[in-house]
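Just dropping this structure here.
We call the chains A, B, C and D, going by the order they appear; numbering starts again at 1 in every chain.
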Amino acid sequence: MAAGRQSDIPLSRDPSARFLPWIVAFLTYIAALSVAGYLALAQLSVDWNDGLSNAITVEITALEGEEDASINGRVQTTVALLRGYPGVESVEVLSRAKIREFLEPWLGKALDIGALPLPRLIDVRLSGDEDVDVVALNEKLAGSTGARADDHAIWRDRMERFLGSLEWAAIAIVAVVVAAAVIMVAFATRGSLAAHRETIELLHLIGARDDYIARQFQRHAMRLAMIGSVLGALAAMATAFLISQSASGLETGAGLGAETAYLPVVATLALPPISTIVALFTARRTVLKALRRMT
Amino acid sequence: MAAGRQSDIPLSRDPSARFLPWIVAFLTYIAALSVAGYLALAQLSVDWNDGLSNAITVEITALEGEEDASINGRVQTTVALLRGYPGVESVEVLSRAKIREFLEPWLGKALDIGALPLPRLIDVRLSGDEDVDVVALNEKLAGSTGARADDHAIWRDRMERFLGSLEWAAIAIVAVVVAAAVIMVAFATRGSLAAHRETIELLHLIGARDDYIARQFQRHAMRLAMIGSVLGALAAMATAFLISQSASGLETGAGLGAETAYLPVVATLALPPISTIVALFTARRTVLKALRRMT
Amino acid sequence: MIRFENVGMRYGTGPEVLRDVTFELKAGAFHFLVGASGAGKSTLLKLMYLAHRPTRGLINIFDRNLASIPREELPDIRQRIGVVYQDFRLLNHLSAFDNVALPLRVNGAREDVVQKHVGELLGWVGLADHINALPPTLSGGQKQRVAIARAVISRPSLLLADEPTGNVDDTIAVRLLYLFEELNRMGTTVVIATHNKSLVDRFKHPVMRLGDGQVRTEEDEADWGAGLRRDAEASFGTKGDAPTVPPREL
Amino acid sequence: MIRFENVGMRYGTGPEVLRDVTFELKAGAFHFLVGASGAGKSTLLKLMYLAHRPTRGLINIFDRNLASIPREELPDIRQRIGVVYQDFRLLNHLSAFDNVALPLRVNGAREDVVQKHVGELLGWVGLADHINALPPTLSGGQKQRVAIARAVISRPSLLLADEPTGNVDDTIAVRLLYLFEELNRMGTTVVIATHNKSLVDRFKHPVMRLGDGQVRTEEDEADWGAGLRRDAEASFGTKGDAPTVPPREL
């Protein structure tokens, strides 16, 4: 009886009761996954960036017909020079095996790598306390041993631009999703208003205020949005979990580890309350606007 | 008046009239694109396969420390041998520049390709009149010049399996789409049935036969499905056109040329009639089943 | 025409609304059906127009046992029954014309026949000015007259009217009763459920009284009014005490 | 209480249903509203319960000019008006109880008050056995009584009933009229649109007759019936020839 008091309008039998939760679930799912995806990639890039900005790779190419001994000499000189350079923390010559390992996937088995005169690579770790001027270092190396230093600036730059556009994409997706949700809720509410026109008219004639009527619609929309967005968020979390599970199985996915996963989860958990509130206000606004046009 | 005769039930104001066309459009779009995509790829693979199955690549690797003159000799011997082989149409030694061109994207600029002792590659075209036994050829080549023949069997095999799974995926997508369409139409029809229960009951009491009532529903569903599927098919064709345009701008997309595009178009054109008929029968079955449960 | 034998009827698991109803209506009969509000008049009519099946007992309609009629043949039978529903049941999205035309069109009548008859009948019930009006724009009495026109348009063999004059004044009510009598004279069996005592008194037709879920007859022995053929008789299972109501001027 | 001055009303672009309607109802009046079907009785009542605005003219209600009342204050006024709609307008998904309770609940009444009053009133109109029934399972007369109970449950200052006895027999109709008179005695102004001549004759209240879009009064000079207080008077703009109808037994 007390429940009857608040639901004179039989909204729960409207078609919107069936389709709205699914649409909201779908939208929440999309929004959650794009935000989570963006956050995970951003985190990954921070890790990579940290690694890259504290590292320089120095390459020494074999000259035409140069003997192994000669190259090894140049490598040793370069290493010594690097060790003495300000800001350098550690220097490591990559072993032939490691270089091969790196190249094999690119060259495939068709070419006999063993026969190639591979360049020597030196991995230089910086302390990060001082800025290292790569151009000056490069000039110095070129003048002495013909080595070439690469601070991966191009990569980092690309990565940054890539993340920037990803960020925009994520924001755009969330904006589109919110807009779509608002439109769908408004749409469903207007459908319900039309379906229950006579009931609403009667309530008006009995002396019900707009607020009394709007409350029933907003509660209904809120409930549907809540169900939908919780479903969507759960599905998104399940998906994210599955992806991170299978990704951590691969080496490349190491950055998606558990320790960085809390941000996407928080973002996803925030979505149901947000959807619910958006639905509430959308329904309320739609109803009040429509009611004002009635007598 | 004559129109009124056939539409005693005001179906055009149902919510389904608004959402069903969009859903059907979306489903048709998906189905059309997956079928078109599959057909285009299948066509492409036929072209490739034709190319590959009439071609053998023979590779001669430089031995450790071998002189250029020695390799060239081996290449000449091999070419002579191949020219005399039954079923061989033409034999061409790929130039160093061509090989480099082929390798550069894989090796990148970091490695000095000029310094590498590249393998020699010989492109052999077969007449296709006789089957060439690659194993026998390989044995013969190995025994004489140490060359290795590759008939790309692995590639063709992979391609075939890839296409096979694509075919299954396309069939699966179409099946899912049809199932979804049937479900949505049945769902919408049942919604309408419920909404117009009183009108239907009255028609029954007046003496209308089930068929009289079902015809109105099936015509309605048919119209909505037709609108939706034509929209979806048009959108799919527009998308396919844009893709083929931008693809033909790239070299890799050459296989998607205009001359092979008629199959996807035919497939896409077939979809609206199919959707319409599926909608008609789904609506009819749903209504007749529901009506039989009424008095 | 219609025979009820020990018919019982309950809605769902509720109490029996009708119990042991036994009566027979001969073809061409004209009866009033009276009884207190909630006595079961509409329920009895529902059984007659095949909207419900009885929970027990036997119903013969058009000389066929209702229980043995297959579903496919119901439309044919229903097309021979005209009904004025207590709550009208007009289709709100169809004009008065299309509402009245419905039985003809469902029956597959030719459109020129429809045009001719419907317009004429609507004029007769005083709605010539409202032919294209939608029911929600009609007054209560106008709706009721559209409902009546729809019930009689196809000259049914059986006319069942449930409180057909509840929203019109006595002048119109009398005119409508004349319409029913006209139909009756052409062979239609008529049953009218009503609370309108003055009508029952004025038109001296046999009265079936529903009470305690049972039907009793009250044959009014007075003269039958100008020119009304009376070839109908009703035999009832339960003979009750029939209170005689004095005829009254309108 | 209510004053109409040169009120005109048309639906959309249709003809004027009411023209130059001028009359005044004093607080505590009790009037019948009669007129042919389609004369505009329901339309006149719609203007009184603020479902429509007049196309022209002035309406004063509860001593306020309707045109000057802001939208936010309409609910307060409407809560003081009880209406029995000609087509009942019950909410089909709510039980008889909840339908009748609606005006109280919309008003924010306490639930124990609701429980007490609604049950009592439903008993009074003879629906004690159908308190939890949904309207589609009620008979026509039962629905009408639920509609009446809903209109009077909140003891409105103004009661407007549109054909409130069209689906009940005269015994119940008389009982319902007593209910209205009881309310009237406690101060409610009552207007009842009806086609039921015998009721109008039996309860000797002033009659407003609608014809040609105008209102004329027919003050019945006979005695007012047992114990009925008559502190109401109506003054009308158009004085017409008032046919005197002889009182009649039911």
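Simple rule for what comes next: a residue touches a chain if its C-beta (ideal position, glycine included) is under 8 Å from a C-beta of that chain, and two chains touch if they have at least 3 such contacts.
Fair warning: this is a prediction, and the values are worked out from it, not measured in the lab.
The chains in contact with chain B as well as with chain D are A, C. The fewest steps needed to get from chain A to chain B, moving only between touching chains, is 1.
With chains reduced to the mean position of their C-alpha atoms, the one farthest from chain B is D. In this assembly, the C-alpha centroid of chain C lies 30 Å from the C-alpha centroid of chain D.
Averaged Cα coordinates give chain A a centre that lies 66 Å from the centre of chain D. A straight line joining the Cα centres of chain A and chain C is 72 Å long. Touching of two or more other chains is recorded for no residue of chain A. Under the contact definition stated at the top, not a single residue of chain D touches 2 or more other chains. Arrangement of the chains shown, judged by which pairs touch: one closed cycle in which each chain has exactly two touching partners.
Annotation, chain-chain contacts: A-B, A-D, B-C, C-D (touch as defined at the top). Taken together, the chain A residues at the contact with chain B in this complex read 15, 19, 59, 61-62, 64, 106-108, 110-112, 115-119, 191. Within the complex formed with chain A, the chain D residues making contact are 49-53, 71, 74-81, 83, 89, 91, 93-95, 97-98, 101-103, 105-107, 111, 115.
Those residues of chain A that touch chain D in the complex are listed here as 1-2, 4-5, 8, 10, 13, 198-199, 201-209, 212, 292, 295. On chain C, the positions that touch chain D within their shared complex are 11, 34, 36-38, 41-42, 86-87, 126, 137, 139-142, 145, 162-163, 166-172, 195, 197-198, 248.
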